[in-house]
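My structure is below; once you've seen it, I'll send some questions.
For reference, chains read A, B, C and D in written order, and residue numbers begin at 1 within each chain.
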Amino acid sequence: MRASVTPRPQARDAAALAARYRAVRAATERLAAPLSPEDCSAQSMPDASPVKWHLAHTTWFFETFVLAGARPDLAPFDPAFRVLFNSYYNAVGEPYPRPRRGLLTRPSLADVLAYRAHVDRHLTAWLAGTEATGELLERVELGLQHEQQHQELILSDVKHLLGQHPLRPAYRADLPSPERSGGAPALGWHRFEAGVRAIGAGPGAGFRFDNEEPRHRQLLGTFVLASRPVINAEYAGFVEAGGYRQPEWWLSDGWSAVRAEGWQAPAYWERGPAGWSVFTLGGLRPLDPDAPVCHVSFYEADAYARWAGARLPTEAEWEAAATGTAVAGHFVEDGALEPAPLGPDEGRDAPARLFGDVWEWTASPYVAYPGYRPAAGALGEYNGKFMCNQMVLRGGSCVSPRRHLRASYRNFFPAPARWQWSGLRLAKDGG
Amino acid sequence: MRASVTPRPQARDAAALAARYRAVRAATERLAAPLSPEDCSAQSMPDASPVKWHLAHTTWFFETFVLAGARPDLAPFDPAFRVLFNSYYNAVGEPYPRPRRGLLTRPSLADVLAYRAHVDRHLTAWLAGTEATGELLERVELGLQHEQQHQELILSDVKHLLGQHPLRPAYRADLPSPERSGGAPALGWHRFEAGVRAIGAGPGAGFRFDNEEPRHRQLLGTFVLASRPVINAEYAGFVEAGGYRQPEWWLSDGWSAVRAEGWQAPAYWERGPAGWSVFTLGGLRPLDPDAPVCHVSFYEADAYARWAGARLPTEAEWEAAATGTAVAGHFVEDGALEPAPLGPDEGRDAPARLFGDVWEWTASPYVAYPGYRPAAGALGEYNGKFMCNQMVLRGGSCVSPRRHLRASYRNFFPAPARWQWSGLRLAKDGG
Amino acid sequence: MRASVTPRPQARDAAALAARYRAVRAATERLAAPLSPEDCSAQSMPDASPVKWHLAHTTWFFETFVLAGARPDLAPFDPAFRVLFNSYYNAVGEPYPRPRRGLLTRPSLADVLAYRAHVDRHLTAWLAGTEATGELLERVELGLQHEQQHQELILSDVKHLLGQHPLRPAYRADLPSPERSGGAPALGWHRFEAGVRAIGAGPGAGFRFDNEEPRHRQLLGTFVLASRPVINAEYAGFVEAGGYRQPEWWLSDGWSAVRAEGWQAPAYWERGPAGWSVFTLGGLRPLDPDAPVCHVSFYEADAYARWAGARLPTEAEWEAAATGTAVAGHFVEDGALEPAPLGPDEGRDAPARLFGDVWEWTASPYVAYPGYRPAAGALGEYNGKFMCNQMVLRGGSCVSPRRHLRASYRNFFPAPARWQWSGLRLAKDGG
Amino acid sequence: MRASVTPRPQARDAAALAARYRAVRAATERLAAPLSPEDCSAQSMPDASPVKWHLAHTTWFFETFVLAGARPDLAPFDPAFRVLFNSYYNAVGEPYPRPRRGLLTRPSLADVLAYRAHVDRHLTAWLAGTEATGELLERVELGLQHEQQHQELILSDVKHLLGQHPLRPAYRADLPSPERSGGAPALGWHRFEAGVRAIGAGPGAGFRFDNEEPRHRQLLGTFVLASRPVINAEYAGFVEAGGYRQPEWWLSDGWSAVRAEGWQAPAYWERGPAGWSVFTLGGLRPLDPDAPVCHVSFYEADAYARWAGARLPTEAEWEAAATGTAVAGHFVEDGALEPAPLGPDEGRDAPARLFGDVWEWTASPYVAYPGYRPAAGALGEYNGKFMCNQMVLRGGSCVSPRRHLRASYRNFFPAPARWQWSGLRLAKDGG
């Protein structure tokens, strides 16, 4: 997921924003606290970034897009950071190449933390004294939303790094295992009638990224949506039935990926004499059959759905079902950093776990909504530039900040991506 | 484009079908006639196939899906062909790997032509004597539609092969250059009002592929559509203005492709002291400023549209505009094998050249229509398996058979593909 | 093996040379005769070339280095061939890239044969009328030696192409299988005493390539050399004993190649229910246990020798042993195109099969002899440019022309190469 | 350079050895002292290793090959290190893959330093109390020689890592620049008469690696050797004359490397408005015209020699010239970490700078000496396994420990390697 970065203007109370700024920034540093400088500097694949880079880049965002405007008299902390920690904003200069971020041993983690402290000090001082109400304050809010996205990436990138290590070391050895639930409920279905639905973020409803706009109408057919996400026990059935050896369930590109990558199960699954284990941020653990399956690619989600006689929902169907539902579930604040097993009664009355636990792959490629307009300037330069070759995921995961989510939120990743906590929920055409 | 292969049942007159069979099969062989055995055997890239392979694979289709059912007593022409000329039907066995088709020097071109003659003789004999009216006849029609798709691929693959040759040899040195038109008309716009539109092939309206079904309703906003495709003179303006050096016009993946592939202009364009030339099936020629631009990728089409202050139409918008329009334009039957320059008055009253000349990239990823159901059996096994990571093109090109096209026809290629006659038409949101 | 191309000056009888010219050129065309135009145009890997390219390149050599000097009035057959069929002579212009030779469908095989006829006609006419005795005649001889090298490459490249084909088609279905020999002799050893040996081609002894010069003295220790090459039965013992799964026998680069390439036996070996088969130019055949092993890389030869408690001979040891030995064995003129099984008494009195049957890998990297000087001009430009990262092979093979070989002849290939008829002979330090 | 690891038996005084052990181990840690944990953990290319890995691997060597024998009662510091820090000893278990060493963020640098302290404590305690005189003591010496090799690799790998960084940060900002010399002497030549020379380490002459044995006789022709290494001013002349654009100077593989890698000058050279700069461990500095050129590949050394009308010496010629010469020059103990400029009179009486400053590429591929025998056991398992596809360098460099070098020392790297301090000295055949 790359940050979509242009919010709609919205007045802000500077004091409340300052408090929120401190809270979000501190949360990021808490995520990095269990890690050594080496852990924070390594890059396990071109799609991932070092934690140190996330720490610096989010700070660069505030320095470049807020402080440079709010405090034009202030010298940059280090002019070189302008290049090193730019992700992809070509209007700000040629970014340092992403696959080589692991070679940036300088600045050190300590230097990056000093960079954070410097920007935090000046930004909060400015917030305390400013009368501003307009664009700069909105950019602070945008920077915080952006930082929350990177919080999630810190955890997925660290998991990928440690998961490559032959010793499977834990990010936090003290991470509690979720309690077993006593058994997930059988899969049920909830019916949604055909009709024209308003899709996208509505006016006046708080922060949203520009890709959630404009709100527009779509004509949906009747569909049914599963009462809960697919769980590990069900997905293991697909694996054991030979699903990864049978081309008939797979998209053509998906089957190519299965063969080229040697996939035999979701990422982080390991087969042992006592059954499946999964690597978690707390180390290797037995697979919990009642928890939602995660770390599957879109290809695997799609293949499973076909095998199960169903399909993935479109993002509009998902949003239609989720609109009006409370953002409840398991989030990063719960501290488990893995999806929780389903309890016996969940999903009886309405689809359970739409938010949190696992991102749900949809059947929808990531494209612009009708009438979409990118914002002006560097922040808006690239709002739509990732709208190709990616699929939309909805709902958030067990490592998402709860306040970061909403029914109209659109996450997106390429179809082969597996290193996020990505799972699926089944749908079918209505009878 | 890979063949989508399941037609809806439809009664057929066997005699008329036999005549059509002979005509289509002969047309394929006429396309191969100017080529040497070497020309027919080479493979210029993994995405392309040797002409000989096209000749054999289309024949394999009839042998496997028609003759094997119609004449179960008949021995296969050569049992090895079952593997060698299977494209991707896993249910028929493990296909021979596509990137290595150029190594299949055996069977020879002469052997493949004998294979064609054998299947043609038995299939037309069976057609002459059969009382069948059902599935097998429909499979003959499907095979003919499939063969027409491969006719177009023969020409694009040959163009790619010869275009790699340092001498830029002509496919047919006698190919006439289109006459200059005296100047293309200025770009105009046609307005289409918002409303619910029926999209997809309707019942009882002749052959269609399964990906055109089911017909369903979509809610479209008001939009305007350009009076004609973008022409070379316009696209050259984008090139000369530095469009290929400015990241702001490009999707992120598109900009990566520009840099990785070193793109500086559409495929087959060559800059010389006297201006742009283009490689055609008749050899190198001066670029005609008034002809539709072609051999652009989706990325280039999308970047041009952004630069021009417009966007690509969605496939539904395109279909809404094209429905009810006659399939008129320039097709393979015209014999030029390049798009024709625009005449002074074209597009005044309605969008011109929707059909033929150049395939038009749309803004729509290739996905299933709501309620799409693949057919049963090997033919239906993979109908939807290409519905990922591809973009839809509409309308047909100067190398498409005229009768192969219709308003609901969906062609599709990955975003970087440039070796088809692919161009674009601009659209905008309605005022 | 790339041609080393500067001979020492040597007077020639033009009439005898003309006869030899006709014979060598005709022999090349006989090698191509069983092949279709498609067979002659395909390229199975970057290291191999299409047969058509060999036919044209050898002709280009005569046109460029002889006819252009002998008949400056004569227009080139086709000026484009100057680039297309240049192998690596940068002084003659930028060569066409080797890995793309399979895309040169033009000129056709028929055109290339016409090119050969044109050059042959003019060259033999010139030879019939010339009084020349100097450099041009020497270049004719050089061209013939060069053509003989390409004759061998034609067969190895065709074998590689057909060996990739899933049907394993024969180059010549009528190729006789060698008779079984009744059992190879046990391995014996012949002792060579320490001393100073003259190595390299001596003065006045007929044609030689410049890499065989200058003749110089080397101090050799006492060594013993095996009475015959390693045979298939012995090598199969290494395979069956797990040699390809045990790193201890292998050079580090060799072990990497085994793992990266998935080698489990020599090239062209196939394991079946009835034991090992080998692909030959006559198709698949049972492995003859008594024939010399071939199609092994230097890595495999070296690993086998270590496993067998021996080592490979250096090229100086090999040459010291072969000097004075008649060039007897099995060559391309014998027509079997595979090494012959060893007869019961071979090697009793002296090392058998030093010439022909299989090229023997030596322990010697290919480097210049002391005092080596490349010749002037394009022909000499690159004489030494391949003297890096290659190993020397000695003796010739079953597809070498008998008259092409001698004790001082140095063939060379990179250590991983397996597509030549390359085998090995063991050596040990003297007691 | 990979460690060649089997010494010949040699009695040792345990107390002196303990002192030497402490000195060598401390020297290694001094090299790492200026580096952060991040610097020590990154891997800039597959051929390089993280400093942390060097620190751990050299310790693993003592733990595995000495302590495990000397103190079988002692538990391993961490059993996992057996795999993680094994370089290539397959007999000790499957090594962790080299290109992924940068992902080993665990153990941390602090843990690795604790590992060093643990092994040092136990090993020195054992040395203090042991009566041993045999193989284990020899293994200590071997481990120290091995560690000295890794000291040099630490510096070359760190230079490569920092040289990739866009800011070109210094390893030690306080590193003094060498003083300018006032002008290097003109190139002179020293003559060595033909004759039989003893090559290789003689008996009883202190530590040597097994690849220096056995001592044997070689017959050398008369040759002349340059009075000093090629200097930057001379090499810059080759660059400015277009040497990197002219194929005639290059081996075929070398020319391919020039084109594929885009080489335009030695590694670390940067062209600026004020002339050439070079990246050093002290940061970017102006090129010193009088210092020996370094960071050239074998291909560049060979091309320069050809351009200069000379050649590289063979390793036997080099050794013949160096035998009996004192090991004088500039080494790691001098602290400059770059070669020193040549003074006006150097090389007048004998070849100057044979030792230290820059490793000198020779014309000799790295092969076994006649009669070479690898030792038994894991230490000897692979002594010869790198004897393929590498070229020999002689003499040592400005980052070699002085006591590590001798006339018979054979270093070796693949022909394209440029990240060592590798230069060249010219030679010619004698008149």
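Here, a residue touches a chain if its C-beta (ideal position, glycine included) is under 8 Å from a C-beta of that chain, and two chains touch if they have at least 3 such contacts.
This is a predicted model, so every value here is computed, not measured.
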* Asked: What is the set of chains touching both chain C and chain D?
  -> none
* To do: Could you tell me the distance, in whole angstrom, between the mean C-alpha positions of chain A and chain D?
  => 47
* So how far apart, in whole Å, are chain A and chain C when each is placed at the average of its C-alpha atoms? -> 60
* Please list all residues of chain C that touch 2 or more other chains. => none
* Asked: How is the touch graph of the chains shaped: line, ring, star, complete or other?
  -> ring
* Which chain pairs touch, all of them -> A-B, A-D, B-C, C-D
* Asked: Which part of chain B faces chain C closely enough to touch in the complex?
  -> 36-42, 44, 52, 80, 83-84, 96, 100, 102-106, 108-109, 161-162, 164-167, 169
* Asked: In the complex of these two chains, what residues of chain A are touching chain B?
  -> 2, 88, 90-91, 196, 216-219, 221, 247-248, 250-255, 298-299, 302, 363-365, 367-368, 370-371, 381-382, 384-389, 415, 429
